[in-house]
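Two complexes, one shared chain (chain A), two partners (chain B, chain C).
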Partner chain A sequence: MSKETVLLVEDLHTYYFTLGGVVRAVDGVDLEVYRGELVALVGESGCGKTTLGYSIMRLIMPPGRIVKGKIILDGINILELDDEEMRDIRWRKVSMIFQGAMNSLNPVMKVGDQIIEALLYHNAISSVEEGRSIVKKLFELVNLDFERMNSYPHELSGGMKQRVVIAMALALNPDIVIADEPTTALDVTTQAKIMKMINDIRRKMGISIILITHDLPLVAEVADRVYIMYAGKIVEAADVYSMFKEPKHPYSQGLLSAIPSIKGPKRRLEGMPGEPPDLRKPPQGCRFHPRCAYVMDICRTKEPVLKPLASGTKRIVSCWLYDDSYSKGG
Partner chain B sequence: MGLREYVIRRLIQLVIAIFLFITIMFFIFRLMPGDPLSLVIEEFAIDPEARERLIKLWGLDKPPLEQYFIYIRNLLTGDLGVSFVYHEPVADVIISRKLLNTLALLISSHGMAMFLGMILGVWAAWRRGTAIDMAALTTSLILHSIPIFWLGIVFLMIFAVKYRLFPLAGTITPAKTFENIFEYIGDYLWHMFLPMMTITVIRLGSDFLIMRNTMISVTKEDYIVTAMAKGLPEKVIIWKHAARNAMLPIVTLAGLDMATVVSGAVLTESVFSWDGIGRLIYEAAIYRDFPVLQGVFFLIVVVVLVANFLTDLMYAYLDPRVRYE
Partner chain C sequence: MKPIVSVKNLKKYYPLKKGLLYTILMGEKEYVKAVDGVSFEIYEKEIFVLAGETGSGKTTTGKVLVGLEKPTEGEIYFKDQNISRLNPKEWKRKGLRRKIQMIFQDPYESLNPRSKIYDILAEPLIVNKAVETREELDEKIMRKLEEVKLIPPDEFAFRYPHQLSGGQRQRIVIARGMILDPEFVVADEPVSMLDVSIRIDILNLLNSFREKYGVSYLYITHDLATARYIGDRIGIMYLGQIVETGPVEEVIQNPKHPYTQALISAIPIPDPEYARRKEIIELKGEIPSPINPPKGCRLHPRCPFAMDICSKKEPPMIEVGRGHQASCWLYEKI
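Here is the complex of A and B:
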């Protein structure tokens, strides 16, 4: 696979300025996505995954705000664009499949019109007729009958709505699709079908996908690379094979040991002790230290940096256990 | 369920509701203290013979059940009795200039308040939390709490007494001859302006509040985030996606408002001596003109029920989910 970077996020900070304090939902995140790959973004609920996804779309609403950082999409830092330029980029370069696709369709509009509308306002078509033929192709791609374009959302099943939402996300042939827990609201068999479909379309169209999820078996099956996020920060990133074979960060290890397996000896499932921290007052030092089994003195005072495990590898981790400067120096 | 069955089911419910209402009204008037005759003749010494003749004439000597059937038959043929005050059939008293005056005043003011309230509500909701939204919110809360007759009197004092821009009372300049119809209409509108503004200003407060609040809850819906993510222009998101969904409660409100529209604004019409149904109710209550009161109630109920029926149809058109529930 050619390694062309489509999206580069650098030192991104997105905070919510609430009455109860500043919530540091995304606090210095770096992320890179190559063309055509599926990157999984994994973490517990409330760790900032969705905020990161919304930041990339520049859809953060008050009291939230992107405080600092760069989001470079196809060579353009979208945080420097004005509203009209950003409007043009949304959906054309980066689109989104939202969490709970059930509610992301307007209840009083026909589903076909909701897709055609996106095409119209990006001047991708010159007539509604042309839009219909594009919808027809998209519906073929997601295995929906063409007649369904005249249905209202409530007339469709959950799986069908999800297919519509996927078709809609692909309408303008974007570079990246952010899929925020695209299958959580569906039953297990539908989940598998939808996810397989997303993956097939990705290969066929050469789109990059950021899959936001906490479904680890799913990640193992479809992802090329995995980012593990904890309390607003990326703690580890690796290709899916290395990650599942040998997770480095104690938090990644904890997450992966919480998956039941039908192969191998029977064992007790290990839950992770403790709760994720309050993002208004994250703990000093490493944010994971109160829950970490390998906690050292330095972890309580100094924050570790995200850096390559060995020089020249793409495998990065943010943990004092693997930091040469610390182990050599101390 | 298709649209046709929906309409038929609603129609049947409408007829049942009207029938129930007129039955209840029959018993309420029967349960009121005193003899109906005393209402007409208490002030006059009437000789017993005339009294007997009146009882026979009004059928009050017949058994209650028979009276009930006569009552239903009269209502269905539009016979609402004779006004004690005007000595004319009640139907003629109500369906007259008075009804036209009331409709003109209330439809124009409610329509304007609703239109402005909707636009301002949508506009403020989109800028929620800003200084200008807070100012609009505070103003509308104040308007919402002002007594309508007080505002009417203030308007009269300022615009009619002090600056003499508008007339003090009535619907038309008395004893004036008009060259043509336009002059007449101009004079009528000139009289209508202050009462209309009074109702509009007061109603605007609540219409704005409702529109703003529903609009704010609608803008938190996932499909609005989707519309933004799709890169639609702001105007399209606000009007095509958000406002259409937020309009549903306002449509309900408009249906319920029909009661006020036909019964008139009793207070406003009294303050401005506007010759409408509201003032008729006020006078009928003062002079104990029970047939007129009963007739107005009947009109109000029929209009309200029909308006509710139309609201349901409107809803089915605006929200495709309704037809299937």
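Here is the complex of A and C:
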């Protein structure tokens, strides 16, 4: 079965032009998402994963700006659209569940009305009645009682509010939903239910999901493919099984070996030395080299390129350790 | 072995704020029963974990233990002293402030942004008259900074908290908690705000104080993976009560209480093949309000195994293995 690409990000650069300097939050990112798959975008705070999500929504605000690259959604480079055209696509083709969105619901408006308002704004419905029937379908999808549409946010639990937020993201039938830490504020039993629901909806509606998270065990449970991001760049991408079985990039290896689990042998774990770099002045060469246990001379001077591990494979990694051109030549 | 801390039937109720008229009409006050009859012991050099979800009462228990909240009922012993009814002056006079410390969750909120690291660490030493000379003060501060791996210490001592990363700040929070050489420390979610790659180092650091100085801990968390990594014994809390307790490994690998079973089944495992095979036990509905917790066993309205007795009588703690107890009627021997 050939896979259909719904989103292609090429050489994307999103910078923040602050008084303290240029923050290179996304600095040359390539990303591909196929129809119906769940792609995890994993990284630690400040690695640029949320900025990448906002860039795909074209919601970067000054002092931030997309400086370079392409974001091709269903064949259209959205960076070439004007604001009006983008407004038509946003939420219809790509939508986002923002981090902490469940705490940003309007506290003085019934949750059902908040969804209907959004539908009206996008001219998706012609009457409030029509809106109600859509809310009814959406609530069914996210397992909420229809009566809940008349509740105010404070009357709902965290899990229910998150369901409302997810319903909003799905309201206009998008092809892709970007979910930014959708379960971090929730308890683990609620998280399990919400993730199962997101996955069921994905299969039912055939949508693609980009899950932005730092929670690797969660990724192991739900993702098809994984992108690991470090200091504004993708350092490795692989299908979820290969990634957890045999991570290639030293950063991925470090991350995966630093997570405690409730299964498997109990042993002493070690964290990674150092801290992620300041993105105003990232290190020369490979951005991970100051923390890397396998650092070589070339790593300090020349930036590695993200490329396939072996020809014809989908595993890509950006590390000199695996670069034939370097080891053969040098 | 004697326990360093023992808690007996601890309760903490918070009165619900209602209007005067309501109180007159309804005749009685309502309470949020945050902690409702909790008992456990912590031994020397032991890390005891209290784990549970939001609203289970784990943090309140920790606050009562360090004297930040007064218990409504029940007793707390530190060694042989009953400390449950002491006022703040007595806490200080008896030296308990030095012996019992707390490490907070949020390294961004728990350090005074206007104080230099040196002053943050000097304050407890000065207030508790733990040092006599300036040299002694300097020496203690530098040594603690070294112990929390902020090296070289003089490079960190004169910075402000905002000049440090999250992980470094949490090391300062730990240094402050340890600077009076406490015997017992309550650590409330000390790594939940930190990035994955630095969590393990902070846990290893807490462990190093246990190994070096014999510090005992109450480790409060919602994360059973870190609980397993660092803990010796564990108590699983649900709606203000401990529903299961025992050695960490035993409770996690062989959970007996239906709540513990559901909780553990929901935890993601960092192994895609295993994760996709495992079954999740779902509890019905959501956690009820701690104002009017269900009668009988508090889990019964959500429990897949609920029996008649469960809605009528609160289950006692029943021995289900060596040092392993669960409060569930399923295990009562007839």
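Annotations
Heads up, the rule we're going with is that the second predicted complex is superposed on the first by the 325 of 330 C-alpha atoms of A that agree within 3 Å, B and C clash if a C-alpha of one lies under 4 Å from a C-alpha of the other, contacts with A are read in each partner's own complex, and residues count from 1 in each chain.
Everything that follows uses one rule, which is that a residue touches a chain if its C-beta (ideal position, glycine included) is under 8 Å from a C-beta of that chain, and two chains touch if they have at least 3 such contacts.
Every value quoted in this text rests on a predicted model; they were computed, and no experiment measured them.
In the model built by aligning both structures on chain A, chain B fits alongside chain C without clashing. Contact with chain B, but none with chain C, is seen for A:Trp91 once the two complexes are overlaid on the shared chain. In the overlay built on the shared chain, the residue A:Lys266 is in contact with chain C alone; chain B does not reach it. Geometry note, superposition on chain A: angle between chain B and chain C about the Cα centre of chain A is 70 degrees, to the nearest 10. Between chain B and chain C, it is C that contacts the larger number of residues in chain A. When the two complexes are overlaid on their common chain A, residue A:Phe244 makes contact with chain C while staying clear of chain B. By the document's definition of touching, neither partner reaches A:Asp200: not chain B, not chain C. In the superposition on chain A, contact of A:Ser157 is made with chain C only, not with chain B.
The least CA distance from chain B to chain C in the superposed model is 8 Å. Listed in rising order, the residues of chain B touching chain A in the complex are 129, 221-223, 225-233, 236, 241, 244-245, 318-321, 324.
On the side of chain C, the complex with chain A involves touching residues 53-54, 165-168, 195-201, 203-204, 222, 224-226, 228-229, 249, 252, 262-276, 280, 282-283, 286. Across the interface of their complex, chain B is touched by residues 57, 59, 62, 87-92, 95-96, 98, 100, 103-109, 117-118, 121-122, 152, 154-155, 168 of chain A. Those residues of chain A whose C-beta lies close enough to touch chain C in the complex are 44-45, 157-160, 187-193, 196, 214-218, 220-221, 223, 240-241, 244, 254-256, 258-264, 266, 268-272, 275.
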